[in-house]
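Listed below are the structures to be examined.
What follows is chain A paired twice: with chain B in the first complex and chain C in the second.
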Partner chain A sequence: MLLSAFEKVKLENAPFVSMGFFAAAFVMQLTAGNHESALYGSVFNGMFVSNSFTQAAGLVIIGCGFFTAMTCLTYFKQNNPCTMEFYSVLFFATGGMLMLTLSRELITSFISLEIMSLAIYILVGYDRKRVTSTEALLKYLLLGAFAGSFFVMGSALVYGGAGSTKFAEISSFISTHSAGTPLLIGGAFFIFVAFLFKVAAFPFHAWVIDVYDGAATPVTGFMATALKAATFTVFANFLALNGAMQKEWIDFLFYIALFTMFGGNLIAIGQSNIKRMLAASGIVHSGYLLIALVAISTESFSGSVIAYYLAAYSVGTLGIFAALSYLGGKGESRMSFDDFKGLAKVRPYSAAAIAVFLLSMAGIPPTAGFMGKFYIITSAISANQMALAVFGVISSILSMWYYLRLIIIMYFQEPEDTFEIENSIFAPACTFILVFCVFALGLYPIVI
Partner chain B sequence: MIQNYLILSVILFCIGILGVVSRRNVLIVFMSIELMLNAANLAFIAFSRFHESMDGHVLALMVMAVAAAEAALALAVVILLHKHKGKLDTDVFSLLKG
Partner chain C sequence: MFAEWLFAAFSILAVLGGIGLVTFRHPMNSAMSLVVTMISLAGLYALLSAKLIFAIQLIVYAGAIMSLIIFIIMFLNVRTEDLPEEKGRFLYLFGGVVVLAPVFFFLKKIIQSIPATKATILGDGFGGIKEVGLVLFKDWLLPFEIVSILLLVALVGAVVLAGKRRMSK
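Let's look at the complex of A and B:
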């Protein structure tokens, strides 16, 4: 399940080999038992626990890795070529994310968080000659390390308060004492700050737009999906460790979710660059996932809503970034709304694919995005969070504004560009597989 | 007894935050982040003594290892910055506005 090995192969073959590894990992993850079990209990001392939720999250992450490797194949033909190490760093990041989903201990979480983040920093700044990517790297590294130190401080305080950093022991401490001791409140607050930073929630969202803009397009897609999936999994596991803990923080998360959704929408409406718009819409999607976190019930926690939404969001976002990475042209020259005028007349299939992804993200049936939002809203209603459900729907309607704007530009304006692209079938193939995934995931809950 | 250590740790942590927020030089910002991590380490060790278990010591060692890895990457970034811009102020970067 955890693989970060990499063989010495030629650069041309590297993406194929990494796709093979991702596919193998995906199959292994799929066939692994989905019962609650501690992995290698004697070696890791119960620090890693797998269950159906972590399995689903792992599938999403590995899938993201697979499609990212596939997209890179085309992307690096049009842009500065990468070296072999790019793909191995991609594996390190994926390994860190998988560890993060499994971890049930604060310091293990911190270490896997850092394995993941360090690899992602390298991916963001991989194109050393481009000044924008260096700037994105600097901003991300500074703020990421800052958030990481908050996480360590939080773990130290929780350790002081509960006497252990294992989730199970913290939980049993809380049930015998209370979650309201100053050390636990302070510690949990610091840890939440770090998590909220990583998922780009409201007060800590400013970095995400610059970093997504500066990074290479496939890397942006990978960051937007896999990183979010991993962080939300561990966030949910931490929050669900005890009911008293969740009650203590539910109001706090309520407001964070609210501001994240509307703040993200406001930023997205004002953007003229597609990558920046997608980054801002990623903030909005974090807001929806936070609704799901507010609504989780710790007694019967399975995380199925969160896992489904993560999958639905990931296929849509990965798809649009895959499309952007082959339509973007040399050196990502086409990235603003105006550059995509009349795409539907020149490249009807690509435009249709992008439209499907956008509609999925906006939540139009019968796509996966609609089902994901449907589950989140119903879970909020059943958890008696009526206000949050209503705000979720309003924010979803607001988000149509900028998704439909791109569709209108693509379909109802005259083309000014011929959209010359490098002849490589992989990113387009990846895009169309993901279109299929959008519908398959959307219909999956109805069929089953 | 433990209060003294915790107060020191919190003071160090706050100095770190202040450094990150107010200083403009990239190296000093990274040093402030290291200071924050070490403040957390101090808290770990103090709590470890308080609980009379060895867990905290081990955890502090882990954190130090991660901090070293982060410092290595950070220094690489500093070199990259210097190649591009010739100086190490965070102000010189304004290509991406957000």
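Let's look at the complex of A and C:
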């Protein structure tokens, strides 16, 4: 499962090789048993635990890696060429994310988090010739290091409070004492700060727009989906370690979720660049996932709502970034709303695909996004968080504004551009596979 | 009593070194403040009777890594007039202090809640090479192993971001 391949093959073959590895990892992840088990329990001292939730999250992450490698193949034909190392760094990032989902121990989590972040920093700053890319790298690196230091401080306080960094032992400490001791509150707070930074929740969302804008389009897609999936998985695992712990933090997370949704919407409405709009809408989706975190029940924690929403969101976002990376043209010249005027007349299929992804993100049935939101709202209601459910619906209506705006521009305006693109089959193929996935995921719960 | 005074002195020195690291303008002065921080940290480890970590801190950090950093600064030959003008940096510093002040009070409150305990001298075996090795390779094998992946990523990243690009193909 933890593949970090470093193949000595030609540059043209590298994406195929990495796609092959991702596919193999996907199959392995799918066939691995989904019962609760500690991986190599005696050697690793139960620091890795896999269950059906981590399996689903792992599938999402590996899937993201696969489609990103596929998109890169086309993207790098019309943009600055990349080197071999790009794909190996992609693997390192994926490996770090998988370890993050599995880890049940704070130090292991921190190291996996840093593996993931370092790899992502490298991917963001890969194109050294572009100023925006370098700017994004610097901003992300400094703020990310700051968040990482918060995580370490939080772990130290938790260790001081509970006497262990293992989730299982912290949980047994909480059930005999209480989660309200100052050391535990402070420690958990700092750890939450680090997680909230990584998922770009409300007070820590400022970096996300510039960073998404500066990174290469496939990398942005990868960051927006896989990174969020990994961080939310470990966030949920940490929060669900004991019921008392979650109760302490419900109010805090309630307000964070609220501000994240509405802050993200306000930012998204004001954007004229598609990548920046998607970055802001990513903030909103983090808000929905935080609702799910508020509503998880720790007695029978399975994380199915979170995993499903992550899958639904990843498919939509990856799809639109895949489409953007082949429609973007040389050097990402087409990136603002106006550049996509009348796309439907020139390239009807691509426009239809983008429309499907946008509708899925807005939450229109029968797409995956609708089912994901539906589950989140119902779980919030069953956890007696009626207010949060109502705010979630309002925010999702607000978000229609900027999703539908792009659809209107694509369909109801006259084309000014001929949308010439490099002939390469992979990113379009990837886009259409993902369109299929949107519907398949949306219909999956109904069929079963 | 003496140990407590030493602890306070080392902690204050470490924090002062950290402040110096960010506020000095010339990189050489910053590097020297970092040395102060590193050595006071080594002192703190010695107070905890962690012999091995004390030695490693002195040899690896204060010795090897710091001399490398100073070497590089020497190679670059930075002069005061080469440095960019930083207008209003004290204003930014002040802003940062204001933003982080709540965090400071929060931490202070947490620290005050820790019950006072009497420090006791640990047994002879603590912190030696054998004990650290046993703990590291038995209980903490997994973090130890994945740190190697982390270092590999950092290495690849440094080569990718700073190395020469072959612009062929």
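Here is the rule we use: the second predicted complex is superposed on the first by the 448 of 448 C-alpha atoms of A that agree within 3 Å, B and C clash if a C-alpha of one lies under 4 Å from a C-alpha of the other, contacts with A are read in each partner's own complex, and residues count from 1 in each chain.
Please note the rule applied: a residue touches a chain if its C-beta (ideal position, glycine included) is under 8 Å from a C-beta of that chain, and two chains touch if they have at least 3 such contacts.
In this text, all values refer to a predicted model and were calculated from it rather than measured experimentally.
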First (chain B), second (chain C), both or neither touched by A:Ser325: neither
Partner chain in contact with A:Thr431 - chain B first, chain C second, else both or neither: neither
Partner chain in contact with A:Val89 - chain B first, chain C second, else both or neither: second
Partner chain in contact with A:Leu118 - chain B first, chain C second, else both or neither: both
First (chain B), second (chain C), both or neither touched by A:Ile107: both
Contacts of A:Met99 with chain B and chain C, given as first, second, both or neither: second
Touching partner for A:Leu157 - first (chain B), second (chain C), both, neither: both
Partner chain in contact with A:Arg128 - chain B first, chain C second, else both or neither: both
Touching partner for A:Thr71 - first (chain B), second (chain C), both, neither: neither
Intersection of the chain A residues that touch chain B with those that touch chain C: 107, 111, 114, 118, 121-122, 125, 128, 137, 157, 160
Complex interface listing, chain A residues touching chain C: 4, 11, 43-45, 47-48, 81, 83, 85-86, 88-89, 92, 95-96, 99, 105, 107-108, 111-112, 114-115, 118-119, 121-122, 125-126, 128, 137, 157, 160, 181-183, 185-186, 189
Chain B - residues contacting chain A, complex: 6, 9, 13, 16, 20, 26, 29-30, 33, 36-37, 39-41, 43-44, 46-47, 50-51, 53, 55-56, 59, 62-63, 66, 69-70, 73-74, 77, 80-81, 84, 90, 93, 95-98
Parts of chain A lying in touch with chain B, wherever the complex brings them together: 107, 110-111, 114, 118, 121-122, 125, 128, 131-132, 134-139, 141-142, 145-146, 148-150, 152-153, 155-157, 159-160, 163-165, 206-207, 209-210, 213-214, 276
Of all residues in chain C, those that touch chain A in their complex: 106-107, 109-110, 113-114, 139-143, 146-147, 149-150, 152-154, 156-157, 159-161, 165-167, 169
